[in-house]
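Shared chain: subunit A. Partners: subunit B in the first complex, subunit C in the second.
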Partner chain A sequence: MFESAKSAMEGIGVMFEDGGLILISETVSASADGLITHFLSYGMANRHPVCLVTLQHTWGHYCNIGNKLGLNFRQQTEQGNFKVVEGLKLLTEVLDESNQDIFNHPFGFILNASKNPLKNLYKLIKKTIEPWKETGKFFLLIVENITSLLNLGVQPRDINIFSQYCKNLIGDSPLKKSSLLVIVTTNDDDDNDESLVTKGIARSALLHVSLKGLSTGLSREVHGDFKITKFNQHAPYQCLPVTHHFQFKMEDKNMKLFAPGTSACVL
Partner chain B sequence: MAATGTVSSFQKKGKARVVSIPGTHPSIHNSQLLLSCGLPSLDYLIGGGLPVGSILLIEQDRYDVYSKLFLKYYLAEGVMNNHILTLASLDVSPQTITEDLPASIDVEPDEAQTYADDKKMSIAWRYQNKASQPGTNVGNRFGHNYDLTKSMDAEIISHVDLALWDGSEAEEGKGKLENKNYWSLLQLIKKRIEDGNLSTSCNKSKTNVMRLALHSVGSPLWGWEFSHQEKDHQWHNLTTFLFMLRALVRTSFSVCLMTVPSHLFADPNLTLRLQTLADFVIRLESFQGSDKETNPAFKDYHGLFHVVKLAAINSLVSPMLDSTDWVFKLRKRKLMIERLHLPPELSETVSRSQEDPINKPAGPACMGGKLPKNLEF
Partner chain C sequence: MSKTNLEKIFVCEETPTPRILLLTDTNEVNGRGLLYTVINSHLRSPANIHYLHTSLRAQDIRRFLKEESSGKIEFYDGASDPCGWVSDQPEVSLQQPLQEIFRLGHNGDGSGKRKIVMVVDRLEDITHHQDSLHLIRSLHLLAAGDNVEQLILYCGRDVMPESVLSALCHISSAVVHVLPSSPCSCQLILKKPSRKIIKAHEEFSLNENLHLQDIQQSKSKEVPCSDENLDSVAILASQTTFNLTLTDDQRIAKNNLLLPHTRVQSHGDTLLHTGMG
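Right after this comes the complex of A and B.
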């Protein structure tokens, strides 16, 4: 767990245990891998089950990052604590001509146009987390880079519906505490579809963490902007969302956060 | 008692994983298996080499002169290491590309050794016994040097498992991959991965890697489906293709280098999407036909080399560069990537005369005439 990210999110008044939807947006120049690792290690440290849906990277990528931090994610999957839906592996199955059951495949929509393209993927996720839901456990559902589905010709509208469904998955009943859903998007302001998806998800999110590369170029000491916005839906008197602004630097085993303009190369 | 010749009882537990694939070596940063691109300077820029399972995207220069050279270097390196090669091209016939690969000009290390021994050093005699270059393992060399003026022997190439794809046997595509070129190329790549047992899910030990080289993907010949509908984002064929390719490459022992004519895409979003999907993105901006060609600052170079994206694979930190301005230049025998240095200002009189305080019109009154004459700023 990165202490800096943890204290930044707690500092704005969000407790992960309360559950809800957290949106992380990244850009080409600032990757959200660090934060995903943060949530994975958070789940591991607190013994919460985690379901990770990877769409851009492989599971091995996160395992290797974990190894560097001294965390054995692979062992967690063997114990059933972590469950992984590997998008890239599933995608290669689509090309298999012998695959008869293409209609029920999560990525079957690539070959057969479907009215609800992401329905099968949702079903797969639902099946994966069903045991945890039944026991009423608190769990984490992390969907990595949901906007990469746009590349497969999925419409932003479908992705927004999908994210709403995922949101329902974590907190069905009002009696129980809701679990935590983390969705990662790529958000470039120039890309209409991507910002449409991001805005749509941010609308129902509790917290929006936005990672952006520096607009002025590259720096050794600063990798980008880390903006964290909290939408407080329960306080109607307070209209403005609270925003905290940091700059970040990824290190081999750590994520460093500091106030803008106080990086090592300035001070 | 000091017994000579006894072997220490300390031994490393567990078998050290020795990589036996020729032309690869593990990264010192994250133990990733790296492959050379054929250009040492490019390897340096992307963190030592191309990690297995990654995609390098090169945005072509306007006339596709230099990007084709990168492709040839990459293929030549594959030929020298006996890698499995797959080359796809529609704009140029793949045969012509393979016929014109640069030849390796490396001298065998043994020969170099004897040559060095023959010389009797008279001044630096202390270094007589030092090997002129550290002994390199011939079987597992990383990177070769190439000479662009010579082309590689057809016989060397004929020993390599090489598949050429020119789209002649394309079958109809399906669904989101309705473009027949993309669909059939994906099928070919998948077949090649299966034939070579390269998939990571296959438990056989890997003895080779595949190099994929895709030339000018997304050019009009690949299906100009986004020309008139571009505003409605009807280019998902290309992005779907790249996404599937990413999935295939990541789950197998292969690397991919593809060049893309991004200057032909009217919609900048498409380029952005491709950048997100690739792992390493570089853009070549040649000076040919632009006003930079005559700019004295660039007179030693042939183009700008933009590093757009360097992905962090299996680690949190991507390779860091110590400079942001890179240029490439083409010498007679080789292509080089260098840091951009402005040329030294040699002609003193020319540049100074403009700032000559005497010839200058009078400055603002507050500066007065009391400033020392030699002050130049």
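Right after this comes the complex of A and C.
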């Protein structure tokens, strides 16, 4: 969908079909919603099943974005190609007094302190993607926004454990093809917990896409910085990562990437 | 003959071998190449290697180690099911103490004369599952074994709790912090048995066979340091012509200054100013 973003990631040597973990970190001033829609449309266009775990927005939010871009995500869920685990809906379920089974609920940790608060959520995701794994299908697992769990009292270490288990679900290995896991975090330098979670996941990610607003303020022509960082997992003798730095502008149906300092208002 | 401290540590020519080697990196620089370098050096020695991995799989690690010596390595899989979410009885649970994980009693190396090298890759994953005090104690116990040649600890210093990192630096005989400079460099701290401490900042590179090369003392006079170590007040003060510092008398006067909005309580005939909040 966003050809420029796709070209930027392929330019650094990442092909989505090879699978792996992609980390997208956003900030308050630069949202990753566009990139998430990009991955959803990639799954739809290539007929790959998609499991979307929404912890910050509703599924309706992404359907509305899709509608504006001419993509019918709701139809994909009706056809069984898209499966959605809606965190906000599960949250209201657990707070419903009529719900008896709190211990096995994915968000039961809110009412019952648990040693492994995210274990039930992991089990639900595993159950959701099991049919695709059994048939060896390539699928996408998108978790957004994992740092939202910090607002529910989950500790950074529990989120890192959860992300490790999600990575195991896709069968991530540089030696053989795995499915694609996309994890979205909010990375605020002033928030230690968010920063810890982002750094912890980045260590095991194939690719880290960082979206940040401009440090100098707002601009009509430049909406933020788009940075891609990749360590070569096949060449550990290369200690430093490859980093590509762009600036971006979100348009109605497109994300424009350009070299820093080359926006339309400058040239 | 190797002369640099880095080469002595990673080619295992330092005598005696540092009992605990701490290797750290960050999100901006990968120290895994150095880790494989020191493991390959040990593979050339008679010692057996016990490797606890928590992020990569054994087959992903094995391809960078010497093929002909692969029988000398025993892998402990702490990556697949670290805390029993998949199976009630995982092969390796990171919630167990490290000395139980390595199971020295079961494989016979504990009572034998053969030297062993233990590797923990990555230590911060273990801090997610265990109390830090128990972890440090476990590391002490592991390193104290009679037949232990070396205990190699690999972690990210930007994700480790600061207290744990300080404790690790304290107990380690050799500490190597890989720095995100170009060319790659590292800060070394080597503690000799004579209680002499050697600190060095050395540049290096690795070839495709994971051999160290181009090692030299770092030419840069500025030692890279993390943002947390910067004294922001000192930097701000040096960048302006205004005098931002206070003398002791000025500080006392400032603290005693009663502002109009300061709460005042009356206690009988005496007015008590609450002063600063």
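Here is the rule we use: the second predicted complex is superposed on the first by the 262 of 267 C-alpha atoms of A that agree within 3 Å, B and C clash if a C-alpha of one lies under 4 Å from a C-alpha of the other, contacts with A are read in each partner's own complex, and residues count from 1 in each chain.
Methods note: contacts are C-beta pairs under 8 Å (C-beta built on N, C-alpha and C of every residue); 3 or more make two chains touch, one makes a residue touch a chain.
Bear in mind that the values here come from a model prediction, so they are computed numbers and not experimental data.
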Subunit B versus subunit C as contact partner of A:Ala259, first or second or both or neither: neither
Partner chain(s) touched by A:Pro241 [first = subunit B, second = subunit C, both, neither]: second
Contacts of A:Arg203 with subunit B and subunit C, given as first, second, both or neither: second
Subunit B versus subunit C as contact partner of A:Asn160, first or second or both or neither: second
Partner chain(s) touched by A:Asp190 [first = subunit B, second = subunit C, both, neither]: first
Touched partner set for A:Phe231, first subunit B, second subunit C, both or neither: second
Contacts of A:Lys119 with subunit B and subunit C, given as first, second, both or neither: second
Partner touching more residues of subunit A, whether subunit B or subunit C: B
Which of subunit B and subunit C A:Ala45 touches, first, second, both or neither: neither
Touching both subunit C and subunit B, counted on subunit A across the two superposed complexes: none
Subunit A partner contacts - residues on subunit C that touch it in the complex: 25, 27-34, 36, 55, 57, 59-60, 63-64, 79-83, 85-86, 122, 124-125, 127-129, 156, 158-159, 178, 180, 182, 184, 206-208, 210
Subunit C-touching residues of subunit A, taken from the complex the two chains share: 116, 119, 122-123, 157-158, 160-161, 164-165, 168, 173-175, 196, 199-200, 202-204, 231, 233, 235-241
Interfacial residue positions of subunit B with respect to subunit A in the complex: 30, 53, 174-177, 186-187, 190, 201, 233, 236, 239-240, 242-244, 246-248, 250-251, 268-269, 272-273, 275-277, 308-309, 311-318, 320-321, 324
Subunit A residues within the subunit B interface of the complex: 28-29, 31, 33-34, 37, 56, 58, 60-61, 64-65, 68, 87-89, 91-92, 94-96, 109-113, 148, 150-153, 186, 188, 190-193, 217-218, 220, 250-253, 255
